[in-house]
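All chains are identified by letter, namely A, B, C, D and E, in their written order; residue positions are counted from 1 within each chain.
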């Protein structure tokens, strides 16, 4: 009996998720022992046409890492969806857009400008990538950018979600164990649409810091609080820690080492908009009744939108900022060369 | 040192020169710096607003727009003339109360390249600034020659305490500010009932009989309470009571000789300045007799004229309501009587 | 388009004050702009910022939040919590490029039918002046071609 | 998502409300649209009817529930505050959980406030769509029943509070009657006569006071104040502060020797309204209930200087105890009646009337004390000098009332009070009486007849709001008098009327601490400061807070008969609840999903009822449903989305938003 | 006819043909006049220091405005006798801007030439002329022009006082002109074009 097929794909993301998978150490051997790795560009050579040649549903499990930033990403998402029985949105980029999703705060032309025409870019000829370029050998093309960053589930049907930037290796190992047990008939898959490899509550559940009833008179950036009390809830010390609203599963890694949670595990179970939870949570514990005083306290959070949507913008109710919807001929098809 | 944008008003250049001179003299010791609005125009008095609406308010607002340009660390405009103070404050207030008026006025101002954002300036009367910014303590400190024995009738008139759009004054009818200032410079202040009644305003010009009656009421009341002198904060009031006193006497067959001066003049005397530099002598009804009472010798305490409240018999009275500048009442105390 | 833009506004009302003020406005046959559609909450404190975002993302042009006057909350002081959330929410909206003026918090007691109608009329005019938000249309784009949509500039 | 498992069957019922709705909303169009467009949302039937709230209308719904198996109902009609109970009742009768029925307000929020029929019809559709989407997300809920403690707290021992306490006590239930002054009796005890019958106030009030003082079911707590209220209808725990009397009640016989021997007098600002004096150890008045005196510690020589103790020396029963401290007691009650009364407007604020400046200007309450035979002048109407009888008196109405500078409302009693004064002046002095009024308001039984009687007695009425009272005489004739300057609006001329005495008919104001009181008891309070009724007409003695009633002038100016009636009515309501033994509460409550709670404690400080407790051991928060009042603030605040609020769940509200914006998205599609 | 609600006044929403006399006056008055809120209590007429010389008390004028008695109101001497003391304004229980309404009535009477005694209107006009000419008030010019026209005899009587004023340096015989006359003129020109409902 042949082993079931496994695939992992890397779209719009940093690649940290791939590293996280490798970080499960010898557990990776279990993957190889139980699966036939059909397609995993990072780990082994493979061709898209080989995937296209597979029967639909031939791959048992695909871990999709990365956001949908361009048409190639989208094309591959549709392809792997068709070829996979179980498609997992793996990591923050795939589940909620993650840092690439912050591009949704700006219009595409600005993104191109920053990438190709600012001082940090060494581009003496001012080259601006074109969708189609004529070369002596003929035409070559690069994929078109989409208007904004999409999560995997916004493009194709997704079976499971595994949050984290990247997902914790021990959680990956646990998920792999689970799948193997399912293969061996020892366990059942969770219901479709579930979040796997994470808890249902939020980071505070796993955070060892002591917490009391919160009344906040001022917010500070963590580096401005000196010294940070190692045993007391960071939020109580005025540090806007995203922990209360961020899904558990990471063992409260950041608060454990004295840094505030920045929210990479996304919202808790059933939450519609991650940022809204932080708006209401932080605002609720402010100890002031006069608008001026409240505003003064809020000044302590200089970029609330950035802080509340660092990982979740592409999956928020708004998906993007108004300016990213701007019509301005920014698409590479229309952008003329430099 | 407090700095203010200064709107003198037309009278300060002419009929109320004494007001202007005395203000300039006392400003320095009191720590008041006045930056005159560059090229200000007439506020329109009570006449312009009686002709039309937008032009009248545009006329006033030109001054506000010019003043706003001078905002530099201070956004307070000080006007010594009651009518000017009221007109400026009123334009500012109505331009916000009725945005449609504000818009139109600004359209007119734009024709002259100006603009005024209603509510962006704080428009205050000189007396308000002296009592609330400089303060009675500083004033008392600077007094070198208390006006002991001079019986002064404080005459505030109408347009300072009323309609009081921004609730700056302790009361619209019986305010205490002028009384407090006069007490601070050592004067004996009489409590007569007409301190904020009308001097006749422009009626001296257009309906003198009406005006004379109003002038008579004021002077006769001050006289009944044995005032030596009346003190005002307004050029129009001073003009009417002073210059038309003779006419009034002729009309009613009376012979009042009630001098009336500006409060800044009396402050100046108390601060040790000479009568001449304070503009004394420019009044029509002579202050000579009244002034002779001070600085010459310490006079005997004068029996207070007018009705006196009896305390030791009869039914107790409620204590008087002292309101703070916002018009809120301060709680009253229990009056005690040992039996 | 010569036709006047008719904004669609979602209004959140408190069961004890503003919803009753709306009832009162009705009973007194006061007239006001028909652009606001009300949702009853037990208290302005119940207002989850999610509701506001949801309304704006789903096609509303503005959101009106109404509660009891400070110090008069039926549940003692929950309207202050609404106030705090509202002030932070506005900052987030601004970051999203949405004019914070599209969301407004006003106080109206059960007796203030007139005030509520005036606030509604004023707010409708304010939103009318801001123009359509049309977030639902923005999101409805197919992801490839960017639709021609007016986008408001928000001052930094 | 639960709705997807079984497709709901929703019935939509659109009411014409006679023509109240159909005049501005095309009801048939809404009906058709609901069935057609909202079919996808689960609407299986849509009907319209002339009056849905009629028994026939309700039967229509019941029939459909039974025959068509509807599991959700939307009635598009009036405000839920009017008929939500009605239609939930209909659903219940047909076997459907009442909380699966929603009322969409298309009358108060649509037909009555808009004029354009087309626009109004579109809005009505949106409102209906919102309600349909919402009702699909509704969950069946069960009413909450709580037992009622049979004891009652009455706050305020004026005539309204006394009446309420007596009614309940006479029915056999225990009442705690709390009064912050040393004696019950309230304002009425200060009055001389009552209008229009001219009954002696004391003669009709003191029997009631004694009855309340002696009643076995009434526990009188005078010189006491409520400091804390916890719990909810049926089960309040109230903390009452008993201020130290410095007199041991058990030993005191009320003989009055201490009062007699006390060497110090102070102006009595309360009972004598500042017009007379009392001793430092005192009972406010002869008929006080209870009879025990109180030592006014701040003014007592012993407390100030450590010497005197005259009262202690002379007390035959050793009842004086200078070491008494304030004491806090807790009582358990099922219901509370607030009858905290009013304050008088401070007439000094109207500086143009000269009160506090001009000696012979008096307030109405001063004048009451002056007329009272037990008052400082033994009932003689005299000037401030204490001896001269006035030859002319001016009485001014509406002082501080009907005036945007002070209070914008009519104080309702001042016209009659002024007429009573006019009569008393005439009767006792024969002086000329001028009565200055804006509008004469004499609407109750025998009131206008009294007006005519006073007219007949020769009082000179002047219609005009007095501009000023001044002592600035303009001529001999005015010299030494108070001059009332007024426009006689019927003559169209300004008049100056010199008089010897002016009486200001001052209005009523909410208690200065009414806002604090409303917070303490968790009831509504208008911006003026009057307590808010549950319904101004149909339920004037209830508040929005279950179990707390209001009576008397605490809700607004009223006269004695109205206050007494309200006291009795509030008592009847309380008795009704006591006899029902339990009370039904709407199941709008919050609860914490213990699995999802992270124990962050953000919600902990948000509940004003302390209903959220934190389990340190399990590190989770939990809500006590008995204390939860259902405001939903914690639901909105939970960052983990772990708190659910029944009746107003996220799912319900988000669905309602979708429904309300359905047209926007349909148009866009 | 739309009601003259406070909201409408604030927003300046009106069309001339919609206006009743009461509403017209309300519209032409600075601020929000609250004129329609008058309860006819007479506190204005009672307060007025010069009521004795008025043919109608202010309260009566308001009733007449409500009754639409345009001619009678504009012919009344009441607004001209008003001394702007604001006693009535602070005492008015309905916050009617009484003094400002008087100004409006004066303006209307001048425009419609309804006043019966020309002294006061012409004094106002002279004053306004001076201000529009110089940007500042010019007491000497004003007094001489006014008295010459209306009270030559009084001028003689007043001359002692006037001379006194001159002698004491309290009256200047030459006007002072502001620098920005052109600017002021263009502002006033534009303002006059825009008079709310002219």
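As a convention for this text, a residue touches a chain if its C-beta (ideal position, glycine included) is under 8 Å from a C-beta of that chain, and two chains touch if they have at least 3 such contacts.
Computed from a predicted structure; not experimentally measured.
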Set of chains adjacent to chain A and to chain C: D
Greatest separation from chain E - chain, by CA centre: A
Inter-chain pair with the most contacting C-beta pairs: B-E
Label of the chain whose CA centroid is most distant from the centroid of chain D: A
Gap in Å, rounded to a whole number, between the CA centres of chain D and chain C: 31
Length of the line joining the C-alpha centres of chain A and chain E, rounded to whole Å: 72
Interchain centroid distance [CA atoms averaged], chain B/chain C, Å: 48
Chain E, residues touching no fewer than two other chains: 52, 87, 90
Multi-partner residues of chain C (at least 2 other chains): 48-50, 54, 77, 81, 85
Multi-partner residues of chain B (at least 2 other chains): 172-173, 197, 217
Contacting residues of chain C [partner chain A, same complex]: 48-50, 53-54, 56-57, 70, 77, 80-81, 83-85, 87-89, 91-92, 94-98, 135, 138-139, 141, 143-149, 151-152, 154
Chain B to chain D touching residues, read off their complex: 171-174, 192-194, 197, 217, 221, 307, 309-310, 313-321, 329, 334-339
Contact footprint of chain C on chain D as seen in their complex: 79-82, 105, 107-110, 112-116, 119-120, 123, 126-127, 130, 515, 519, 522, 524-527, 532, 544-545, 588, 606, 608, 629-633, 635-637, 645, 647-648, 650, 653-654, 656-658, 660-661, 664-665, 668-669
Residue ranges of chain D touching chain E (in the complex, touch as defined): 352, 398, 402-405, 438, 463-468, 485-489, 492-494
Complex contact set, residues of chain C against chain D: 8, 10, 16, 19-20, 22-23, 25-27, 29-32, 34, 37-43, 45-51, 54-55, 58-60, 68-69, 71-72, 74-78, 81, 85, 109-111, 117, 134, 136-137, 140
